[in-house]
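Labels A, B, C, D, E and F are assigned to the chains in the order they are written; within every chain, residues are numbered from 1.
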């Protein structure tokens, strides 16, 4: 009986967090190991289902990763890289879009529906959701930057009890699809939706200091310093920049968490200490 | 981190139960040690707050107990007992009503509000909620039996996000208050509200067999046998009868649980095995 | 037939007043003889029922009076008085609360329900309605002054067609009940609800001038003079101060009327001349 | 003060009737002296305004009378009469319609608006309200009998807080207007609307027996006898037949009252004894 | 098949105009040949039915014309004219009102209902819609100028799916009807309703320049010049002034079109070039 | 001007059809040349936009065709065919799903959004829309037959003003996608939605008789005969069977039309004679 009572206590410890977040909107950038490892995928879906059930409104944004490369390789479509970005030709864009919105997006949608959160997969092309123009006047081909976000689609889906799952493909004025960085889709959406949280699931512990110790909270000025002295660098830089942009444009808090930990979302949101870095 | 993940798992284990009960109505007969011991009182209020938060509609019915006797004694009002019932004179009824609706009811209401479930204390006199007539033509004075229940009040309060806390005092055609057995108030209400569950919090483990082993589930025919052979007797008899009445008239399930166990409500409702006896 | 037509004419004379007040909120401080004399009680309840029926939203606030003293005496709980206020010990507070919310409140609620106005009795503890802290840092024990009013409870009850009947007991941060002057509860509520009227039922004609003639209307500046020159004094002083407070903080008009007159409420509200003093 | 209190008592005597009828629908056939005498007109409008204010839904149906004859005479349009009905030619129909819907209807509408009941004047042609075909295959020219009633118009107007005032002109399949007996318009409407009451305002006391004594209530079988033995005859016959039709097809009660009495409507509805004849 | 496809293309050409105007309000002053010629009447009603169906909210205002004169002549009521206005005596006002609201209004209402647009005929007297006072202190008898417009009636009718058809008769404080210029009723309503368009149907092509060429668009300053140099004069002057008033007080655009052209409304609204003069 | 008036007449000829279909649901199977030829694609999108604007609720179901074969060939995935069906291996299913839901579906969605109908692309996996099991116990690999349709998703999308565009991929109990015949998806949906029409866009004129003349309407018994005598055969057989299934299970009418004709949808729905075959 004692262990049962401990169980009850754990349930109740979550009570204030549930109360705090019910009715609020979270935008979650899903990616990294959590999107690949089968066990982590199930844990992720369970967390989302619980959030959904206790009344949190959710938008999931996902990226693509290796599947795109694999298919491009099989089709012998070569890719040039500039400044770390894949220069996306019209031919490869067609593959990018098919993989993102026809394969990965539907896999996540299925996964969430299977765990009880009614998910609907969409891209920027659905219902005029978001539009883009080629980045730096087309220097990287069909890599785009977002020019317009209309959250009517996501708001109506959420109001009807659905969880929108968003592939990072934008529409454009002339109907062509554009490839968008998923972190930026998440931050733009979180800002436009005046979300309570945007949460980036990564394959690191969070933002670390020089001694590789986790920094649990960061302000804008602290971030500026850490970028200047090189503490924040490499792959963490774009996550931190996306976080800053979200927070400056209307989202309350940005979280960078370690998606390799089971139930990382639940632990970050429903425990007092959290597990990653919060940027306010 | 491991213990954290175990915590998350426990939260998620409750997921199917939350999903099952959200939007349903529970009538809870609060009484016994859980109403007296300060620690148990807090655990009870936490359980109710969690139920409330995850969307379960709740009606709490409470009894009186020693406080009534204490005050009657101090006022030197003597009570006659017949068939185990206090014969309630007009003078003692005034005290009964004051203690139940002016002291105990408000204490529970305060307790629940303090833990975050917006509670409102009412009696049968409020909004024409329920009426009674003297039991057995007045053999026990102002001890009454319910003649009419109008659940408009409780339904509107619940629809507006409140938890009604009900003292077992009925109104009557001529405006006099009548003293009602709280178990019967709970079972009548549960039936009329077509509740999912009526839960009786007692000071025993539940219904036990000859060997004092808990009987986890019981059907009507089993109960009839156990009453006939004397296994169910004494104080358990009225609980079991109230359970049967509720279930026969429209409530889905009746639970008799041990209120002395911390978080007994949560454990009964949110774990697969439960802790008491269920009557279907 | 002639007398019938006169009856019809009287009904119609009320038409402009009904039209003026339908949908507005009145807070009524019920007290004095009107709360004690059986005939006046019934007339009061009839008036409230009529107001309710023609669409006026109503909050009734009542006081306590002799019943508290009687019970304290019977229990041999002694009371000290300072500045005309009963210093309320924890022991006597329990009695005060029981009598106010368990006896008087339920009696009024029953009375109103009996006459057709669906009434629900509440105190400051129900649904987090109003909170207080000890007056003058506890000089008078548990006599309190209101620190927070949340009219959600009363507004929702009124919107659902109920008449809230309020006992002047406040909750507090630590859950203890506090004894509040009922006139001040009425004036605070009227201000917070931006009520059309707060009406104080007293045992005098209204505010009188030096010659004991009724003053039918008073402005703030007139009141200040009358207090300075001693015309307003004694028991009338707190009523007038409560009226002023209500009017200054958001209530449209305050009325001080003679509750000893049958149907005083109806006559004040539905006839052109009224019967008491109006403070704007 | 005594007379004031009597006034209050009279107001309160109406309370149970107000409560009984709030939200119900009354169809009132307005005609006779009450439509001609200026003083009676004002009393009628006051009664309607009071009914409207206490939440009774109202449809007023009126007839025409002398104004039509006067204008036809001035224009030297001759009328033939058959079986007591004016044979309505196309030329005279144009005058009938103009007088009914352009003069009398608007006068009543103005009168009611002036007394505070938001009235809107309509005929069968508005919003496809009711249609007719020529009676007895055109024997009486454009005198019609109702073939279709669509209460959408009146229901929507009443739901929006308006009082529809209906002139007895029907539309037809080919757009021509038809002249309808106003009593039958009232009874058809009352039946279709499942009204609580249809009230015919006449210039007699009600239905009288052989000794010219008022018969306060009548059943169908009693009516049949009174018609057979000639007690009900002449101008009363069509009123009684219209009443019977209304009651048989869905209206609860039909009243035949003396519109020459001031406030006859109020007295019939808001006093226990009433003033005319009720047919159930 | 080719002609069929052309048909489809024409339907589709209207698509952007339908999309632009759905949900907007048009006030249409119906008059001239379109109100007299049977073929034009049907085309007008078809246009209104199509507007109604694609979600445009409509108010139709009509005038009177020859029918009034004819009836006044038959009744040998003589009319004096001052400044081009008929000085309206009380006797002639009764005729004016009967013809406008009892004949012409109901004819238009019938016509529209017959073509599928649920129309309800009203005047300023219905539901307290609009009031007037005698123009120039009664110089022209009961010719009035509008003093108050309450669009509650028209808004509620339109929200319930009806098309209000308005006769230019105003109520007044003392209940008397007043004769109002229909163009001014249309412009006042359009302004108060913040309508998208007010459209005046006339018997000319629109506003013409010195060479009798149609001026397709006009600004305020252009109009001022054209009036000064006498280009706009005669019967066009009041139309242009009504247009200007509407546009200055809140209506988006005013149109003066040639009602003699079949489907002039449809052509003006649903084709790119339009057919008349637009004043912005 | 004459041609303009003809244009207006054409618009008005559509009026009865618009009135008839507003608020009804059409399921459209989009395919064949209309899905390939750029000009026909635009005409199709214009037709859909017009339907959408006049209040018709729409679900578009599309198939796949050559794009799937092309990509399978490029990836050197070989396909076996049995009974005319591609035996779908797990490897080829991944390609089928990507092309259908990630390429073709999004292209149609973009096209419709570009023409003003807010479209959202979904598959059976979104929101638990429809599920399947392998056909004939897996004889054709992952070719499936529908086992469950939950139209909540499409109904909510349509109620919120969106046009669902459906790719014929079903979910399954174990999360695997299944390839479904698009005609059958359309007929199942039309039946479940109790649609007014299901319209199959083909590359033939419709159902032809022995002399290759179009049969404009067909009943079930006529179809049975035509199948028996071999008149209906080949590619027309599955269309006719899907039509019959839809009509028998709850859809009002099924249409088989020639998608090669410009604006074939508009012509079929908005002209009296239509252009294809209707099955009732």
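Heads up, the rule we're going with is that a residue touches a chain if its C-beta (ideal position, glycine included) is under 8 Å from a C-beta of that chain, and two chains touch if they have at least 3 such contacts.
Please read all numbers here as calculations on a predicted model, not as lab measurements.
When the partners of subunit C are compared with those of subunit E, the chains appearing in both lists are D. Any chain touching subunit B that also touches subunit C would appear here, but none does. Averaging C-alpha coordinates per chain and comparing to subunit C, the farthest chain turns out to be F.
A separation of 46 Å divides the Cα centre of subunit E from that of subunit F. Centre-to-centre spacing of subunit D and subunit E amounts to 35 Å, using the average Cα coordinate of each chain. Chain geometry summary: the mean Cα position of subunit B and that of subunit F are 57 Å apart. Averaging C-alpha coordinates per chain places the centre of subunit B 69 Å away from that of subunit E.
Chain contacts: subunit D has no residue touching two or more partner chains. Ring order of the chains (start at subunit D, first neighbour subunit E): D, E, F, A, B, C. Per the touch definition, subunit A reaches subunit F in the complex via residues 74-75, 94, 97-103, 105-106, 109-111, 113-114, 118-123, 125-128, 153, 156, 160, 162, 169, 171, 175, 177. Listing the residues of subunit D that touch subunit C in their complex gives 1, 4-5, 7-15, 18-19, 22, 43, 46-47, 49-50, 53-55, 116, 261-263, 266-267, 270-271, 275.
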